[in-house]
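Read from first to last, the chains carry the letters A, B, C, D, E, F and G; within each, the first residue is number 1.
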Amino acid sequence: MSLNLKPLGDRVVVQPKKAEEKTNSGIFLPSTANKERPISGVVVAVGTGKVADNGTKVSMEVKVGDNVIYTEYAGTEIKVSDEKYLIMRESDILAIN
Amino acid sequence: MSLNLKPLGDRVVVQPKKAEEKTNSGIFLPSTANKERPISGVVVAVGTGKVADNGTKVSMEVKVGDNVIYTEYAGTEIKVSDEKYLIMRESDILAIN
Amino acid sequence: MSLNLKPLGDRVVVQPKKAEEKTNSGIFLPSTANKERPISGVVVAVGTGKVADNGTKVSMEVKVGDNVIYTEYAGTEIKVSDEKYLIMRESDILAIN
Amino acid sequence: MSLNLKPLGDRVVVQPKKAEEKTNSGIFLPSTANKERPISGVVVAVGTGKVADNGTKVSMEVKVGDNVIYTEYAGTEIKVSDEKYLIMRESDILAIN
Amino acid sequence: MSLNLKPLGDRVVVQPKKAEEKTNSGIFLPSTANKERPISGVVVAVGTGKVADNGTKVSMEVKVGDNVIYTEYAGTEIKVSDEKYLIMRESDILAIN
Amino acid sequence: MSLNLKPLGDRVVVQPKKAEEKTNSGIFLPSTANKERPISGVVVAVGTGKVADNGTKVSMEVKVGDNVIYTEYAGTEIKVSDEKYLIMRESDILAIN
Amino acid sequence: MSLNLKPLGDRVVVQPKKAEEKTNSGIFLPSTANKERPISGVVVAVGTGKVADNGTKVSMEVKVGDNVIYTEYAGTEIKVSDEKYLIMRESDILAIN
């Protein structure tokens, strides 16, 4: 499905994984007492990158289709055709898996 | 209608969408417990861009006519001919849709 | 009337509009529950601009005579010949109208 | 009277005006409910300027003899021959009048 | 075992040492009253490095296989095949041992 | 007396003046209600200067032998041969007198 | 004794002096009411230096063998062969003595 949404700056749109606790590659995302819970999702749109202090664009590390791990409270939630998405900054993403 | 208003720096003027919960392109903007609610609007004026730390202008990503999604508390409200507008920074805009 | 006052850096001197709620160009400035109230005024003096992190001057966007909109708590108040003025930073100005 | 005091960096030494409420050029400095009170004084010594992030000196805008307006809580107080002076940063000065 | 996980920016993936209190090289990591407890682990994945303010990549100091010491609350915990890992920033690592 | 102490970065070592309230050049340092009390001392050692954001050294403004005024809570106290000294940053020094 | 520990970035490893209150060069480190107590130690390992905002390495001021003075709460404590060490940033070091 194509998502008509172009995130600004270093933002990305991520579709969270359904209520499973394992990523495709077998990574388990536990709920730990004193740490934020990591969440798994897939990148569906990427911005053009943020602007460095000297005015140059910094290119993005993630690309559409990447499976990513991010922290629980990252991003703003939107819904398209009953599917939930999050618009977050690339810096909210911990790793590609 | 022409709006006689030139936002300063990286600010934009956005006209919020009326009390509908779906954007033109079918994006639903839900109210989520622990996250800020996203709002949809259209850009009616753009500033010339902010100045980077090295003194150069950073060009704007949005342009007049763009449909945008921004967070609930962004911007300062003004009214022109009974229409409500918001003056906000481009960084308050999450995505173009 | 000439105002003998040279604001420093990126500061400007603004003469607030009297207790009307509409700007010259018909913009209404409402008092909104959870947002700062915008105020209208005219620029009567401008500084030479702030210095960027690399030591170069950043030129000002506003000029004497500009009608501007700024937020309620911006600036420090002074009085000249019974007229009220505000010394504020250019970044406190939202837009030229 | 000569003041044997060389302020460091972007600091200046200012001699506050006596308990009058008007500056030389007729500017009245009112006490406003929710804003800091502006104070008038004369610059008696200036530093060589602060160092920008790229290591270059930024030259000062004010010079000895300038009448300046600054906010109430700016600076550290010293006394020379029973006269009160304030050592403050140039950024605490709002305007030259 | 190969870990299919690519940390973003200046992040690294570290596998904490089991509940021993000594590192391989004989360093003891005590629990001190008013200081954070240091923890020992081994680096299993490294990001490509963070981007400096002028837009250039800063290369990483640690590499896969390094034994490292980091502070108690560093990172976000994930699990792969019942093994616990932490995704943290390189700046959370105190030393290689 | 020679003090075997090399302050790091932009730090200086200052020997505070004894419990007199006037500096050599006749500056009186009053205790003011809502402002930090200024203190007088003499510089006995200077660091090589701090490093600017672009990696270059910023040379020091003060030199050994300078009489300086600094604020009450500046620095860390040490004692050499029963004499009290303070290690502080040059930015804690208000002026040379 | 050789310490197998390579601190990262601008960190150093310092071995605190035993419970004496005087440094080798006769500097006494008093406990002062409203100031942090200075502590004396010897540098046993140094990092390669931090990275400036423009991406260049800043070389370290201290070297192995330097006697240094640092503040009481600096660093993270580790133990090697019953000896106590601290891993701290070079900026936590006040002076070489």
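In the analysis below, contacts are C-beta pairs under 8 Å (C-beta built on N, C-alpha and C of every residue); 3 or more make two chains touch, one makes a residue touch a chain.
These numbers come from a predicted model, not from an experiment.
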| item | value |
| --- | --- |
| Shared interface partners, meaning chains that touch subunit F and subunit G | none |
| Distance from subunit D to subunit A - Cα centre to Cα centre, in angstrom | 50 |
| Separation of subunit B from subunit C, taking each centre as the mean of its C-alpha atoms, in whole Å | 22 |
| Multi-partner residues of subunit C (at least 2 other chains) | 52-54 |
| Starting from subunit B, with subunit C taken as the next chain, the full ring order | B, C, D, F, G, E, A |
| Sites on subunit G touched by subunit F in the complex | 25-30, 32, 34-36, 38, 52-54, 56-58, 61-62, 69, 71, 90-91, 93-97 |
| In the complex with subunit C, residue positions of subunit B that touch it | 4-9, 11, 13, 45, 48, 51-55, 73, 75-82, 87 |
